[in-house]
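Please read the structure below before turning to the comments.
By written order: A, B, C and D. Residues from 1 in each chain.
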Amino acid sequence: MNLDYSQFFAMRMELLVLAVFLIVFLFDTFASDKGRKATTPLAIICFGLATVAGFFCCGDAVTAFNGMYETSPVISTVKCILNIGAFIVLLQAVNWVDSEDGAIRRGEFFELLFVTLFGMYLMISARHFLLFIIGLESASLPLAAMVAFNKNKYESHEAAVKYIFTAVFSSAIFMMGLSFVYALSGGSLYFSDIADMIATQPNSVMLITALSFVIAGFGFKLSLVPFHLWTADTYQGAPTSVTSYLSVISKGSAAFAFLVVLCQVFGSVYSDVWEWMMYALIILTITVGNLFAIRQRNMKRFMAFSSVSQAGYIMLGIIAANVLGMTSMIFYILVYIFSNLGVFGVIQAIENKTGLVSMDDYKGLHKTNPWLSFAMTLAVFSLAGIPPFAGFFSKILIFTSVTEHESTALYVLVLIALINTIISLYYYLLVVKAMWISPDEPVVPSFRSSCIERFALWICTLGIVLLGIISCVYGTIYCVSDQAAANGFFASLL
Amino acid sequence: MNLDMLMYLIPSLIMFACGVFGFITRRNLIAILISLELMLNAVDLNFVIFNRFLFPGELEGMFFTLFSIGIAAAETALAIAIIINIFRAVKNVDVKEITKLKF
Amino acid sequence: MILSNILIWFVIIPMLMLAGLAVCRKMNQIRAVMVVLSTALLVLAGYVCVSFLELRAAGVQDEMLFQGHWTWYAPLNIKLSVGVDGISVLMLMLSAIIVFAGTFASWKIDPLPRNFFLWFALLSMGVFGFFITIDIFTMFMFYEVALIPMYLLIGVWGTGRKEYSAMKLTLMLMGGSAFLMLGLLGIYWHSGPGADGAAHTWNILEIARNNSISTGWQYFLFPMTFVGFGVLGAMFPFHTWSPDGHACAPTAVSMLHAGVLMKLGGYGCFRIAIYLLPQAANDLAWIFIVLTGISIVYGAFSACVQTDLKYINAYSSVSHCGMVLFAILMLNTTAMTGAILQMLSHGLMTALFFALIGMIYGRTHTRDIRKMGGLMQIMPYLGVCYMIAGFASLGLPGLSGFVAEMTIFFGSFEHADMFHRVFVIAATCSIVITAVYILRVVGKLLLGKVQDEHHRQLTDATWWERLSTVTLIVCITAIGCFPNWINETIQQSFIPIMKNLTAAI
Amino acid sequence: MDITLPILILAIPIAMFLILGLTGMKMSHKMAGVLGICGMGTTMVLSYIVAYTYFFSSGSAITADGMSMPFIVDGVRQQIQMFDVTWLSWAFERGTLTVNLGFLLDPISAMMLVVITTISFFVHLYSWGYMEGEKGFQRFYAFLSLFSFSMLGLVVATNIFQMYIFWELVGVSSYLLIGFYYKLQSAVAASKKAFIVTRFADLGMLIGILILSYYTKTFNFIDLTQAGGPEEVFNTIGSGSVFMGCSVLTWALVLIFTGGMGKSAMMPLHIWLPDAMEGPTPVSALIHAATMVVAGVYLVARMFPLYLMEPASLDFITGIGAITALYAAVVACTQIDIKRVLAFSTISQIAFMMVSLGVARPEIHEGLGYMASMFHLFTHAMFKALLFLGAGALIHAVHSNDYTAMGGLRKYMPITHWTFLIGCLAIAGIWPFSGFFSKDEMLSAMYGYSTFWGIWMTAVAGLTAFYMFRLYYLIFWWDENPHYKHHTPHDAPWQMSLPLIILAAVSCVAGFIPFGELVTWNGEPYHIHIDWVGVAIPSLCVAAAAILLATIMYRKKNSLPDKVAAIWPGLWTAAHHRFYWDEIYMFITHKIIFNGICSAIAWFDRHIIDGTMDMFAKVTQKTSYAIRGFQSGSIQAYVWWYFLGAVALAAVTAWAIL
């Protein structure tokens, strides 16, 4: 079998990221110490261009490398969405990267980030478990280094330890699961081959174990309960930029990959096996995430648990396992990126200026920093699913997709999720309360955040306000999802 | 499933279990890392066994194992680096000591 | 062009408010924006009202007039569909009046006037949007838009245990909307094909026309939607947000909340729960009749022993809004007409009450009726207005409350079985209890000796307060004296709903 | 006659109310007074014209729809709806129920127009003197106008719902006027009590109307009472619909009568009326003696044909009336406050009218009881207003309500004395004063129905004479109060005296009005003849004896009253305390309803309902704390949970599926 190099053209999204990585890497390696200051703008500009270019790279559905790699409009869309998120993360990270703490290794930060992004792309596009594992690991391992980035802070190290050990443990479990899958697969690690084999076999303990372990592996990345325990500690200890990256991009990509694996590999056992596994996990994830979030005072830790419960909502799109579910999930991820980054943008702005991350320090924030409070309020409302902000639409659309099934159980699931939105609303409102209502004198002094930070916040805020109202975003995603479905994305589902 | 395969599979599973057990019980981070290696190796073994016994004509399992070994190495390197960081920070690699972030 | 539809302006104007406020700096500018645009809303509502009546008089028989449909989320067939029938027109009118009065009632709001009006405008956008839409998705969206500003409005500008109350109010209402949402989703997925060939539709009229929701699903969805809206309608036992919430809210917010927002509950109940799920409504109404019947009497009894002015009013709202839902559940034209009248009446009169309480509180700095007395001597204008509001509340003929209550009682009495009779008679008892607590508070607060000599220095109403109260009183009296045109407008609007209901028996 | 006059009669008072109410603050007292008096005077004149035309001309009326209706057809006075506009209409499956506002002209409404406007006018005039210099003078006139409007609206109601509307409005006017001195706690309490008690009664009325309208689908009096109405009603209601042993119609009628019991202060809903005396005296004269309190009687009279269909309901009315009459008369003998004596006397007299209505049957003297009741309503309005206004003059003079502050006033206040005496003679039923005639007719009717009630009510009449003369002697004779040396009482100014004199004159001659020719239950004239032997002489004797007894006991200061009181100390104390009705009500309202029900519900709401909601929050919070150990910070625990989770997922699924 000859390697046709034109196949690499199918991977142009990955290659773009890789190119950016190489540019930054080379510049960082060869530039003088003074010149390294330009690394940050360079990385941002390059990645910005790549992001824009990404929009023009969406081609038709193509497979490459004998079907190991697949790209399609929906996959490209997800990647574009991740690009946007990563771009915002980069913008928000600028101040921190250029500060004394990170300046010396700013190049590394960007490089690691691009590598993980590359890994995520692979993971999304992989249609063979080997490629998948490579993508998965290159997405998660460099993150450990990023988590440990704050060399002078103990928390950063502890976070990294917890992250890497859980990550390795999870990949061990995941691969264990894969090995069982392999045993059932008829000797191939191609998704389609495995799916065909599974469809012909009765449900066995081995299959269920394999599936459980695979789900557990994804559960780590998505921080589904009970595989989420690392999340809070890591989020809290990691540098905030990394936390935001972990919470949105990493989670978003894993969610889509999860959908792909569950539908394309295990599609035939949807209704009798993993629907119920996911059912239990979703309830647990949403509820436990919420229950833990209630009493958090550290904003980052708070956001960690919030993102745990958000992951549960994202999973609703998977359990729906239909076009609407896929669309709504991607849309949810998009909105979630904007909302979460909105919150993290404010957290970072304040942390960079004052080093304060406790919710108690946010008391009376509106007196000193009304715009930050405002942006935070909008973002938090969006996370809570309050109209007219985008979060409302993403939530209701994902619920709509789940209820398409005439199944009482899924209605109950939606009801539980809905009731949980009340708990989540409670703790999101706690932030609002601290900023607007608390009568205490403000702790955070009045300051003007840097242009880039404000720019990033504006993007997030605009996204939050407009994404729901401008329905064409959802429409576009629906188109590509529908196309994917037409191409047999859900074909093996029973 | 033939008996021969089971003979190989059981040790591999035991290895995996040992890894889990070691992870949970050992107090030294390095020991824990070793336990993790045990688990990863058990996985590799699994792949090899399945490939050898179930699909003797194919090589995917073998290749997977190769990659897996590489990944395990990378993971270990990273983990060691982080452990060193921790050691620098607290002069200790006792896992019970690094529970500052909780609840 | 979307803007050529007149109804859409009910949402555009609040948006303009938001935009205007965003660029304002000075208090006077803020006031100017609010006054101009809330007047515009009032004029618009009046215009829509008049043209609606003209069209009807000209024999236009459509169920909803001024319809407009703009596809929004095409994959799910979500549209922004607007349209009004007589009921929504009146509700728009009510909202416009109360927004207008509320603007003046918060003339001197402090602190953060701009933010206050921003949320206030958002709230009114939600309210107006809710009443103009005939698409349950957008309806639900506007419903939630209206709910959430409440948290900040109470939390920041409220008094007393505001944090607790604001949180409780928001969470309970959102809890209701959680059930509601599930109900709406269920309705959507069983709605049958839409006019444009899509498999499902959110459009109320189409759903009602298709009437394709199976009985079993109706039994499931009806309680969901009814409870969902019922929470906002302060149905027992989900009413407890109301006393605390109202007690802590600032004046204009109490006005808007009790005046309009609680009406969203009642409106939704018949527009969605009853109209779209007629069979379940027929079969399950009794459950909610029991609950709302309890609400009516229970709220009234509770109000009798309260000492905080706002608590009295909040419980009285529980009782009156209970009446609204109670009447809706009677499922006949007259009772339901009464329910709408009661919504209008209660909206205006509670708004008046809360406005007055706010004004009194702004002067005396207490709402405890035991610490006040003889205010009639000190601030006769406010005292008289309070009495008028009180009389409206206890159902004095010539004021709106009487018309509404009588229509409800006579409508409800149409059910000849013992169950309904018992509850109707229990409901009628509330008019006595209402009299008791209203006169109690009037006696303690306004009449008798001046309790606190410091109060003697207080002044009577200012011009903006007078404007605010006069607007409301005029409306209350107008409805009370000339109810028939409203009554007939409402009755006509119930024809399709009744048709659905009777077909389902 | 066309609809101009009726509309003006209603419009002028409400216009006065609006003018005085909205701009009164800016007006001088004089201006407001003149305006009010002129307005009412005009209304009075217009009412006279209407009544005169109706009763004494053989013309016809042009109704709103342009039809010409003669007043008398075949010797029967017609009920004419001068106009009847739809105010509200309710659509039901079984037909439309419309609420109309209209103007019904018939004998009793024409008679009431005269009564109301006359008394109201004199009270307006009287108040100019009585209320002079009071703060809120304009408000007083505004409220008087409001009351007049409401009362007029009530009596001309074409349908029971209109009556109910105005019924409520007179209630609120009464509330406002009783509480006129709103700085006085007692006035505030009294007004509240009056409103709530009558409101409670109105609840009964409302339910009655609900029942009635449910079956008949009409509110209109004419439809209900004429043209086959009753039979139709009877057929629909009477067939089978029985609730707790009584037919539905009986229930409806008794419940409607409950409203009347409240307004007319029948037992056991009488408790508000004595307290209502806290209001300014002219108000008591107008509302609580002459007009509003007879609304109950008017209500029954208005629906009389319906009541006739259910004799049980009439018996109920008779029973309530008779008991109330006796009770009030007994209590009146022991009161100190002169206005309260008059109040109880009012209760007693109204009860008389009720009994009279209750015993009225077409077969007994062609429905004499009805005519007599209306006649008494008329004469009573005049002399009771006179007595109240006289009492007002007394109070004006001595600044106290208690007869203990009076005594021997006949020298100081001759006009008041003579007019008051005329009033007393009239109420005692002494020939030739008006009370004699009406009471005689009533007693005839009662005797005609049952001797028992006849004797009972004759005894009450005797008691009436006794307590009135007790009052008269205690005020004007007895013993001169030493207080006068500092402050010599004198007769009231002309604005107050003039009404007294005119009303006294009316009380003297009103008995000679050929009332039976004008007002009867079915519109056919009835020729009054006085049954001297059977009824008049005995009752006159009883009255004379009672007056004699009062003269002996109270003409000069002596210890006889105390001795008499000491014969039955228990009875006296009980009567003095009005047989503890107020205390019983106090117990029920405060102890049972307020403390027992309201507070309990409020507690329940705060602690159970609200507590449950808070509990959800607390449980969530508690759970959140309880499970925080899950996140122990130890990586090994994390991994353990992770592993367990994965295994459990597999195990549970396997167990469930395989």
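Following the convention adopted for this analysis, a residue touches a chain if its C-beta (ideal position, glycine included) is under 8 Å from a C-beta of that chain, and two chains touch if they have at least 3 such contacts.
Keep in mind that what you see is a predicted model, and the values were worked out from it rather than measured.
Participant: Strictly by the touch rule at the top, which chains does subunit A share as contacts with subunit B?
Facilitator: D
Participant: Considering only mean CA positions as chain centres, point out the chain farthest from subunit A.
Facilitator: That would be chain D.
Participant: What is the distance, in whole Å, between the centres of subunit A and subunit D, each centre taken as the mean of its C-alpha atoms?
Facilitator: 77
Participant: Mind checking the centre-to-centre distance between subunit A and subunit C? Centres are C-alpha means, answer in whole Å.
Facilitator: About 42 Å, centre to centre.
Participant: Could you put a whole-Å number on the gap between the CA centroids of subunit C and subunit D?
Facilitator: Whole-Å distance between the two chain centres: 37.
Participant: So how far apart, in whole Å, are subunit B and subunit D when each is placed at the average of its C-alpha atoms?
Facilitator: Result: the chain centres lie 96 Å from each other.
Participant: Hey, what residues on subunit A touch two or more of the other chains?
Facilitator: If we look for residues of subunit A contacting two or more partner chains, we find 161-162, 165, 169, 173, 232-233, 426.
Participant: Can you tell me which residues of subunit B touch two or more of the remaining chains?
Facilitator: Those would be 23, 32, 98, 100-102.
Participant: Mark out which residues of subunit C touch at least two other chains, giving numbers and ranges.
Facilitator: Subunit C, residues with two or more chain partners: 171.
Participant: Considering every pair of chains, which are in touch?
Facilitator: Pairwise, the chains that meet the contact rule are A-B, A-C, A-D, B-D, C-D.
Participant: Looking at the complex, which residues from subunit D come into contact with subunit A?
Facilitator: Interface residues on subunit D, with respect to subunit A: 617, 620-621, 623-625, 627-628, 630-631, 633, 635, 637-639, 641-647, 649-650, 652-654, 656-658.
Participant: For subunit A, which residues are in contact with subunit C within the complex?
Facilitator: 324, 327, 366, 377, 381, 386-388, 392-393, 396-397, 399-400, 403-404, 406, 411, 414-415, 418-419, 421-422, 425-426, 429, 432-433, 436-437, 471, 474-475, 478, 482
Participant: Which of the residues in subunit A end up touching subunit D in this complex?
Facilitator: The touching residues are 161-162, 165-166, 169-170, 173, 203-205, 208-209, 211-213, 215-216, 219-220, 225-227, 229-230, 232-233, 272-273, 276-277, 280-281, 288, 291-292, 294-295, 423, 426.
Participant: Any idea which subunit D residues touch subunit C in the complex?
Facilitator: Within the complex, subunit D touches subunit C at residues 25, 86-94, 97, 99, 161, 164-166, 168-169, 172, 175, 179, 182-185, 188-189, 192, 195-196, 199-200, 202-203, 206-207, 210-211, 213-214, 593-594, 597-599, 601-602, 605, 609-610, 612-614, 617.
Participant: Enumerate the contact residues on subunit B facing subunit A in the complex.
Facilitator: 16, 19, 23, 29, 32-33, 36, 39-40, 42-43, 46-47, 50-51, 54-55, 57-58, 60-61, 63-64, 67-68, 71, 74-75, 78-79, 81-83, 85-86, 89-90, 98, 100-102
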